[in-house]
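There's a structure below that I have some questions on.
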Amino acid sequence: MSIDDQSIHAETFILNLGPQHPATHGVLRIKLTMDGEYIVDAEPVIGYGHRMHEKMGENRSYAKFLPNASRMDYVGALLNTHCHVAAVERLAGITVPERAEFIRVITAELNRVSSHLLWMGAFLVDLGAFTPLLYTFDDREDILDLLESITGSRLTYCYYRFGGVCNDIDDDFIAGTRSFIERMRSRMPMYHSLVTENIIFRKRCEGIGGVPAETCRRYGATGPVLRGSGVCYDVRRNEPYSVYPLFDFSVPVYPEGDCMARYRVRMDEIVESLRIVEQALERIPAGPVMAEKVPLILKPARGECYFNVEAARGSFGMRIVSDGLDAPYRLKVRSPCFSNFSLFRECVRGTLLADALAFLGSLDLVIPEIDR
Amino acid sequence: MKSDLRSYLKEIIGGSISLLTGMWITLRQSFRKPVTVSYPYRTLKLPERFRGHIELKADEQGWAKCVVCMACQKACPSFCIKVNGYKPAGMPRKVATIYILDFTTCSLCGLCVESCRFDALMFSREYNLASFRKEDYVMDMLERLRRRRICRP
Amino acid sequence: MPHDWLWETVRLLLYLVGLIGFAAFNAAYLSLLERKEPAWFQLRRGPTEAGPLGLLQPVADGIKLLGKQLLVQGGADVLLFKIAPVAVVIPSIMCLVLIPFSETMGARDISLGLLAVYSFAAINVLATMLGGWASHNKYSSIAAARVVAQNIAYEIPLLLVIIALVMVTHTFDLREIVAQQAGGFWNWNVLRFGASPLMPLAFLIYFICMLAEANRAPFDMVEAESELIAGAFTEYSGMGFGLFFIAEYVNVVVGSSIGAVLFLGGWHCPFGLLPGLHWFLIKLYLLCFAVIWVRWTFPRTQIYGLLNLSWKVLIPLALAHLIVTAVTVKLV
Amino acid sequence: MWFDDLKDGFSESVWQEDAAPYLVETNHAARGADLETTVPAERVADAARVMYEAMFSLEAITGMDWIVEGRMELVYDYVQFSSGRRVTVRASVPREAPGLPTVSMIYPGAEWHEREARDFFGFIFIGHPDPTPLLLPEDADFHPLRKDFTG
């Protein structure tokens, strides 16, 4: 990264942000054309973490793709796995027992909370505040402990199976989750007075990184980015799947479209997710957690289907084409960050470097999910 | 103009209050006990279902319970299990002679344990795995079982 | 008299060694405090392994830094690149020379001490800018530009506050300023309402400007690790970085000392009892604690937000304070 | 029907004839889409314009390689945020000459999806603003998701 004589005299210069940079949370490179501290153009260069999950999907049986699904967006692993198992179930016509669906909703929502907490901490680190990160990790640790007690691992859970989940939840988990909900609710005011109302934080977020709703539509951005731009679209609400229609929850929408709106959407989603978990814990039926007669080697009939779920970062979709064999003919992964990030270039033009990084942080990118 | 001045002052005062609140919060937190655990001296309890790498189970006689049905090898998405065995005379089942886990490619998904119909596999509770050599992670499960002084050769 | 002259030289040399030791000690142990204090805030433990309670951690850090090679990036201006860390640390230590630690301690008293301190502090900025510019790195260059903008912006309210204070005290002599504040905390300049009712505000402005002048978070635009990696210090390794590091903490110490001297009564006891060095050190480290406390609580400001804060909030307030002080001084 | 507008739009600018046989209503719960349609490859941009005007958003572009039939297929998934309705638009191109117009002028978000499809399958998007590979290395001249790709 050297300044050659020519670029000193030129109006603009190229700044390579990444692939190793503290603010990119992974191997992401953005080629910035800068005019002083203003960004003239930002060209994202992605693919450093590309692992060709789609080809892997074609090369192995449906069940063997389960661990892969949790390794795309490793922060919200269960939500991705939910998409995968539900897509295969839709394709193979498997009905899932209700208890399993409840367990899926509980664990997936806990995972969403943990993902949002991680995001919040990481976003504040982007803004230069380190302490909230440790507080959110303290809370997140509780979720990880809970999920570890039923899934056996802390990050890349491989918990859902076609037709249900592999382990039933126990009373300890239910009690632990209840106490976690209490704890998390009592922590929210602390976060709001430490972070949300902080004048420096507000100055760095309000009116920064504006994304109009129309831009979201043109780029296919979903999730908190879209809801932070005032569009009330949530897959759980608009295209209900699993047992989400049974629960009473609201979809937080903020119309401003700036970093603050996205922040508020996520903070409200934590509360809403806790509500969903609470209701699910109360109404969880007894019964099996695995559908009967799910063949060991799944061979769905010829056909094709698309399934998408509301992952922590937006609409996570999978299109699976079966040709009747034990491995999918085509497995397409539609990752939300891919679309959410593609609008970065357009929206970041003309902003300051520091604001661009706040904006980048507020998009909540998980780079391996973009690269897949 | 007057309202401008008022909002200006309001922002300064409100902002200062928000900053002081933040400082008060961090100060209050500093009187709480640390939540971290000094790792090598103290460790956390592993949950029942902790998924480590796999380990063979032994039957009452100390033989590995594995019957070389190859289900785990087939179920493994990362192709990291290699099993082989033969059927000795006088035994009702096959006996494993080779059971190797290539832990370098294992993704700890647990599908092998789930696929085992003979209750011959379990998760290890070991997580302090560190080495400078890759070869240390090509684990001979039978050897490990033997070292636990259960398996008869 | 030759005898006095000799004694004076020895005394100054002793003080110089002592002050360099004081600076090094403070840099080392403030860096430990910088790791322990956030650990308290963040429910962690901080360093515990090196020595009892991690007290030898700075020694380990120092050895590590000394053991590292000072790399010079190709294309860098080698001379400037190597001078900058030295040039940044010397003025900081020079400032310490002028600080009256107690009634009897203090290397040198000059009648324009306050002015001299801020003259030295300005060199600091230049040196940081030089280091950033000489690094031949775009991030460092951006940081170099930022540090100048920031320091110019914050020196104005800082000096306005100090001018107001000088109008009250009628002197630039630091020792004299402390002497005026004897006899209890109600005599301290921070509560000298007789001179201006805005004195506590002036202290606050001073504190904010001091943070900005020392490039401490939330005003650490120069380092801004989530934007500029390590800003002006990106290309520095080993003791090159170590000297910047020392300079940062010495600057905090100098800023806090001046704060204690100007507003908090220097070596005087808050209750008018036995004055002494310990009171000065208590005030100094309380201020240092606050500096670190602020850093680990707030997000970083944005460069334009920072300039806005200076030009739109601090300078008007400092001017208001100056006018109020001028009026009261004239009337009373 | 809610898709009357769509049908009109498609009839006018995409098929230029009767739409009925092409616009198939599907079961959302079984297929993940409410409508499916197949358009000629050279008309995908017109289809995208119809979808854009009907307030749909482009969610994904999926490439598929039907090697036995000697064709490659692109599947455009559209979603309407206000209702959650999904429309799938399909287009096929011959495997030897996989060229079709880009939709990135209408949906800038498609730019990356198309680059991805070109990386993986070797589709040629006519009029695409950026011809460099997105996920694969800059010098990649292979298309890993083609069924005849080995290693």
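Chains here go by letter, A, B, C and D, matching the order in which they are written, and residues are numbered from 1 within each.
Throughout what follows, contacts are C-beta pairs under 8 Å (C-beta built on N, C-alpha and C of every residue); 3 or more make two chains touch, one makes a residue touch a chain.
Since the model is a prediction, treat every value here as computed from it, not as a measurement.
Visitor: Tell me which of A-D and A-B has more C-beta pairs in contact.
Guide: A-D
Visitor: When you average C-alpha coordinates per chain, which one falls nearest the overall C-alpha average? Tell me, please.
Guide: It is chain A that sits nearest the middle.
Visitor: CA centre of subunit C versus CA centre of subunit D: separation in Å?
Guide: 62
Visitor: What is the distance in Å between the mean C-alpha positions of subunit A and subunit B?
Guide: Once rounded, the distance between the two centres reads 23 Å.
Visitor: Taking each chain's centre as its mean C-alpha position, how far apart are subunit B and subunit C in Å?
Guide: Inter-chain centre distance comes to 48 Å.
Visitor: What residues in subunit B touch two or more of the other chains?
Guide: Correct list: 19, 22, 25-26, 29, 35.
Visitor: Could you list which residues of subunit C touch at least two other chains?
Guide: Those would be 41-44, 296-298.
Visitor: Of all residues in subunit D, which are in touch with two or more distinct other chains?
Guide: none
Visitor: Please list, in label order, each pair of chains that touches.
Guide: A-B, A-C, A-D, B-C
Visitor: Quick one: which bits of subunit B touch subunit A in the complex? Just the residue numbers, please.
Guide: Answer in residue numbers: 11, 14-16, 18-19, 21-22, 25-26, 29, 35, 47-51, 75-78, 107-111, 114-115, 123.
Visitor: Within the complex, which stretch of subunit B touches subunit C?
Guide: 12, 19, 22-23, 25-27, 29-30, 32-36, 38
Visitor: Where on subunit A does subunit B make contact in their complex?
Guide: 60, 63-68, 71, 131, 135, 138, 141, 145, 148-153, 156, 158, 166-167, 190, 193-194, 197-200, 296
Visitor: Over in the complex, which subunit D residues touch subunit A? Could you list them?
Guide: 28-33, 55, 57-60, 62-65, 75, 77, 79, 81-84, 86, 88, 107-109, 111-113, 120, 133-137, 144-145
Visitor: Inside the complex, what are the residues of subunit C that reach subunit A?
Guide: Residues 38, 41-44, 73-75, 136-139, 141-142, 145-146, 217-218, 220, 224-227, 229, 296-305.
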